[in-house]
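Just so it is clear, A, B, C and D label the chains in written order, and each chain counts residues from 1 on its own.
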Amino acid sequence: MSQQGQGQASTDQLTVEKEIVDRVIARFGDKVKLAYVKPRRIRFNVSKDIILEFARYARDELGFDHPISVAGVDYPKNKLIDVVYHIGSCTNDKFRSSVLVFAVQLDRDDPVMPTLIPIYRGVEYHERETFEMLGVIFDGHPRLERLLLPEDWADIPPLRKDFHTKGREE
Amino acid sequence: MSTVSEFTFSNFVKSVLWLLFWILIIVSLIALPIIFIVLFYVPPPVINGVEINPYLLLTMLTNPQVGAPLIRPTLESLFFRIAVFPGFTFAALFATVLIFAERKTLAKMQLRVGPYHAGREAFWWANSLGGFLQLIADLLKLLGKEIIVPSGADKPIFWAAPAVLVIAAAGLIALIPVAPGWVIADIDVSLLAVFALLGFFPLTVLLASYASNSKYPFIGGLRALYQLISYEIPLILAVLPIVILASTLSLTGIVEAQYSYWFILLVPIGAFVFFVTALAELERIPFDLPEAESEIVAGWLTEYSGMAYGLIQLANYIKMYALSALFTTLFLGGWIGPEFLPSIEVFNVQVLSSGEVSSIFWFTIKTFGVALFMIIVRGTNPRVKIDVLLRVGWSKLIALSFINVFIAVALLYLGVVGVGH
Amino acid sequence: MGSVSGMLRALASGSKHLAVKRFTLRYPEQKLKFVGDGYQFDPKEGVGIAGYRGRHILYHDKCTGCQLCSIACEGIAEAISMVKVDKQYKQNKKGIMPQIDYGKCVFCGLCVDACPFYALFMTDDYELAAYTKEHLIYTPDQLAVKPKYQGTYEIKIDELGAYHDE
Amino acid sequence: MGLEIDRERIPGFDVEGKDADGMDKGILTLSVGPQHPGSGHFRLIVKVDGDIIVEALPDPGYVHRGEEKMCEYRNYIQNIPHLERPMIADSCGILYPYVLAVEEICNIPVPERAKYIRVIMAELNRCIFELYWLGIYGIFLGHSTMFMWPMADRELLIDLAEMASGARVTHAYFVPGGVRNDVPDAFPEKAKRHLLYFRNRLKEYKDIFYDNPLFQARTVGVGILRREDAINLGATGPVLRASGVEHDIRKVEPYDVYDELDFKVITMNEGDSFARAYVPWLEMYESVEIALQALERMPSGPVRTKLGPNPKGAVGEVFKRVEAARGELAYYLVSDGNPKPYRVKLSVPSFREIPVMAHLLKGAKLADMPSIYWSMNYWPVEADR
C-alpha cells in the first residue's frame, strides 16, 4: 500500500494521526503493522489473534466507537482475503474526523476470524454480508446466514475474484 | 403464439349480437309468460281510487296529464319510499355523490385534480360531469373482477357478511326523517332502533374477519371489535342529553323539538363527541385502524375482492350518509330551515308542497355539509394508534359525554329550556 | 389545550388549500418546456452543454463510424450497436452508424460525451412509447430525424401558490 | 377485554411457543413484506404476542443486483450510471463519494465552480429525497395529504435538477473532475425563486403534520433510540442526530466547499420517531440555506477537467465519505493500477440502519411498526445494492 499524500491536508491534521499511531504502537508494539497514514485515514494490519483486544482498545481508549463499514477484499495472487473494518468516532472530539482502518488478513482457503459483534453491535449485518460475499466465517456470529443472495445460492461466494458474472468471463 | 390479441372488433360485435339473441330468447320465452301469469293472478294496485291496469300505466307514461293526479299517491306508497325516496336509491345516490365529493375535495386539498379523464374521449357530455364517470368505471371494474374466496374460509359467513353489512346500513336509513312525514318507519323509539342496528356492524365485521381464515383480517377484525364497542358507549351517551331535552326517542320528535333552537347550541360537547364517535363508527381516518394498510394490509377487508369488496364499500358510504343524516337530525335541526323554494307542480297538480321541497333541500344541504367536514378531517389527519384510540374512547370521550349530560340536566333544572315543545 | 389548537390549525391549513391553485401538470394536453435543444457535448472543451436528455439525434454527415459511442455504452446499457447504412459518406468509409435500442438505453448521455465529432447529441423528445420491443430500436435513419417536441408549460409561482402555466 | 379465542383454530398461532410456566404464549408470526403496503421491497418477519412485537427479523435482499461486482467489470466512468441506480431519489448523494474517491485515486483536480455546482445539486437532491421520504412517512401513518404535498413540492426541485443536469431523477451529473455540464444562465435566478417558495411551503408541513396532535400521538416517545445504542449500532444521519449525537460529515470532514458555507448541524435529544421525523424537516431549511449561499458565491469559470479517454488509478486504496440525505455514505475503493477498480465497497446508510431497526422494533407495538420502520430512512434498494 503506497502512501498517498493529497497535499490539501494541513499539518496539524497529520499530527492527530501521528498521535493515534503512536498510541497504538505503544500499546501493541510489533503485533500490529502500520499500513499507511493518510490525512484522516490510518490503517493497521492486525492479526486475527489480537483483533478483539485491538478493537476493544480502539473503542474504549481511543474512542473509535462508530462502525462505518466492513469490507472484504479478495487477493488471489497473495492467497489472502482482507477483512477491512472502517471505524469512525462520535465521542472523541479530537479523533472525530479520522477513520481508523484495521484489516485482518486471512488465509484464502480457510478464512476464519472472530466476530466483532461484542464490541461493535452494528457490524452484525456487515459481517453477514462479508460471509456470503466472500465466504469469511466469523466465529461466534449469532446469525451467519444468507443475507442478500437467494437462500439456495450454490455457487462460490460472488465477490471472490474467481467468480465471474455470466457473459463477462475474461 | 402470436403477439396480436384475440380481441378484434368483429369478435366484439359477434359477442354483443350473441348476447342480444339470448336476451331476446329468454325474455320472450320465459319472462313475458311469467309477467302475464303474475298479472292474471295478482290484482292491479289501486291508487287514489283508480285501478292501475297495464293499459292505464301505458297511457300515463305517454300522456302525463292523465297520470299527474296519481304521482302524489305513488310517492306516498310504501314501496316508493323504501325503494326510491327517502329509501335505498336516494341513499345510494347520496353515497355515490359522497364518494365523488370525497375524491374531488381530497384532490383539491392535495393540489391535485382527481378524477378527470373518464369518458371524456367517448361522450361529449362527459365534459360537464368533470370525471363523475370514473365512478361508473370503478363499478364496472369491481363487477368484472373475480371474487376470490380463500380455501380455508368459512364460506357461508364469508359470502353473507357483505350483504348483512349493506342490509344493516340500509336499515339505518329507514329511520331517518328527511322532511315532515317523509320517513319510511316512523316509530316511537327510532333512536333506540338506530343503536340496535349499529350494533350489527361489529359483530358482522368480526364474523367476516374470522371467516376469512387469514392473519391480517383476524387482527383487523379484533381491532374493529375493540374500536366499535368502545365507541358505541360514548355515542349513546352523547345522545342522552338530546333525549332529555326533547323528551322523546322518536327522531321526528327530536327534529320537531328543535324548531326554536338547534341542539348543537345547547350541547356542543355532545355534538363533538357524537362527531368523533361517528368517525370511529365509520372506520374513517383518523380511526381507520381496522383497515390500516401500512400495518395490517387492509385489515378485515384483506381477503375480499371484486363486488364483495364493492358491497362493503357501498355499505360504508351508506352508513356515512346515515350517520351524517343522524348528526343533522340530532344536532342541526334536521329539515328545519326557511321555506323559500317553490312547490313542484305537474300539469297544475301539486306534487310536492313548498314546505316539503325546502325541507328536503335543507336536510340534504346540512347532511352534505356534515359529510364534507368528515372528508376534510380525513384530509388533514393521520391514523391514530389502537391504544390511544381505546384510551380516548374509554376515558376522555365518556367523561366528556357525562359532562354533557350534566350540562343538559342543569339547563333543564335551571329552566333555560323546557321539557318538550 | 395545545392539542386542540394543533388540531384546529391542521384543519385550517387543510381547508386553506381548497383555495390554493392546483399544481398538476395535465400531461398529454400540457407539456413541459425544457432549456435548449437537448444535451450536447463539446469535445474540444471536454464539457457538456445543458439540455434535456431525451432521444438521440445523429448527424449522418459527421458520423465517422468510429464506434466510440458503442464502446462507451458497452459497460452501461449495451443499447448501441453499429449497423451498416446504405449510403456512403466521405468521412464514413465503412458505412456503419449507431443504432440505439431504447428498450435498454438509460439516457445517461455518456455516448454523447464519447463522440469526438459532434455527431451524436440528445434532444427534448421523451415520448418514445411503442407497442412492441422492435419499435423501440431506432435505426440510424430514424435517429437522424429532428423531433418536433413543443412544450410550453413551466412552473409559475405567485401568491396563490405554484402551478403549471404557459 | 378478555376475549376467549380458540387458538388452534386461528392460523398462524404458534401453539408450540410456550413460556417458562408451560402456558401457551400465542405468538403470531407475520410476514411483513415484500408484498405488503407498508414494507417496500423488503421483508420483516415479525412475531407478535397480542399487540407487542416479540422479535423482528429483517430479511433484505429482494432487490440485490450486485453493484459491487458490477463495478469490477467497468471502468471508472462507466460505473457512474449504474451506481446511482440504487438510490434514484438521491442520485447525486450516492454518486458523490464515488466521484471524490476516483478523483483522489486518479489525482484529478476539480475546478472551483464545479465544486459549488456539486454542492447545490447535492443539497437539492437531499431535499428531493427527504420530501419523498416524508411523503411516504405521511402515507404510512394514513395521512394522505402529507403524501401529496411533498410529492408536489418535490417537483419544484426536480425541475431545477432537470434544468441543470438534463434528467429528472437519474442525473448522472457528477463525474471525476467536476460536473458534466455547466448550469444554464437562467438557473441561479430560477433556483432562488423555487427555493424561497419551497422554504415557505415547509411551514405548512408543520401545521398539518408535525403539530398535529394525532401525529404526535403516533410518534412521540415511540421507538426511543438511546445515544450510546445509536453510536454502537452504527446508526447514521438523521437517526444518529435525533439521538443527540452531533455528527455530520459536512462539518466533521468537509468535502468540496462545505467548509466555506455557513450552516448548522441539527440535533435533537429525544431519539424517538418524532425526533427522527423532525430532524429532516429542519435539515431541509439548512439545505435551502446552503444552496442559496452557494448560488450567491458561485464563481465563474470552467466546470470540468478534461480527462483522457480512460483514466487509470494509482495503486492503493481510498475511503471517502459524504453526508447523503440518509446519512453517512462511504465508498471504499481499491485500485490495482488498471482503468477498472479492483474492489468497490459501498457502505450505505440504509444498510447500517437494519440492526437499529431490529433493535427498536423489539418490544414495540405492532401499530408502531410503520412509524419506526420508516423513521429509519430505510431504502430497501439502497440497502440491497
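Keep this in mind: a contact is a pair of C-beta atoms (placed from the backbone, for glycine too) under 8 Å apart; a residue touches a chain by one contact, two chains touch by 3 or more.
Not measured: the values here are computed from a predicted model.
Participant: Centre of all protein Cα atoms: which chain's centre is nearest to it?
Facilitator: D
Participant: Can you give the whole-Å distance between the Cα centres of chain C and chain D?
Facilitator: 26
Participant: Taking each chain's centre as its mean C-alpha position, how far apart are chain A and chain C in Å?
Facilitator: 42
Participant: Can you check how far apart chain A and chain B are, centre to centre, with Cα atoms defining each centre and the answer in Å?
Facilitator: Taking the average C-alpha coordinate of chain A and of chain B, the gap between them is 65 Å.
Participant: How big is the gap, in whole Å, between where the Cα atoms of chain A centre and where those of chain D centre?
Facilitator: Using C-alpha averages as centres, the distance is 24 Å.
Participant: Could you pull out the residues of chain C that touch at least 2 other chains?
Facilitator: 7, 10, 13-14, 17, 23
Participant: If I count partner chains per residue in chain A, which residues reach a count of at least 2?
Facilitator: none
Participant: Chain B: which residues touch two or more other chains?
Facilitator: In chain B, residues 109-112, 379-381 touch at least two other chains, as defined above.
Participant: Please list each pair of chains that are touching.
Facilitator: A-D, B-C, B-D, C-D
Participant: Write out the stretch or stretches of chain B touching chain D in their complex.
Facilitator: 106, 109-112, 152, 213-216, 218-219, 222, 225-226, 285-286, 288-289, 292-298, 378-388
Participant: Would you mind writing out the residues of chain C in touch with chain B in their complex?
Facilitator: Where chain C meets chain B, its residues are 7, 10-11, 13-15, 17-18, 20-24, 26, 132, 161.
Participant: Which residues of chain D touch chain C once you look at their complex with the stated criterion?
Facilitator: Interface residues on the chain D side: 73-75, 77-82, 145, 152-153, 155-156, 159, 162-167, 170, 172, 178, 180-184, 186-187, 193-194, 197, 204, 207-209, 211-214, 216, 302-307, 309.
Participant: What does chain B use to touch chain C in their complex?
Facilitator: Residues 3, 105, 108-113, 116, 376-377, 379-381.
Participant: Under the touch definition given earlier, write down the residues of chain D that touch chain A in their complex.
Facilitator: Contact set of chain D toward chain A: 60-61, 64, 66, 68-70, 73, 104-105, 231-235, 240, 245, 247, 252-253, 314-319, 321, 328, 330, 332, 334, 342-343, 345, 347, 351-352, 354-356, 359, 384-385.
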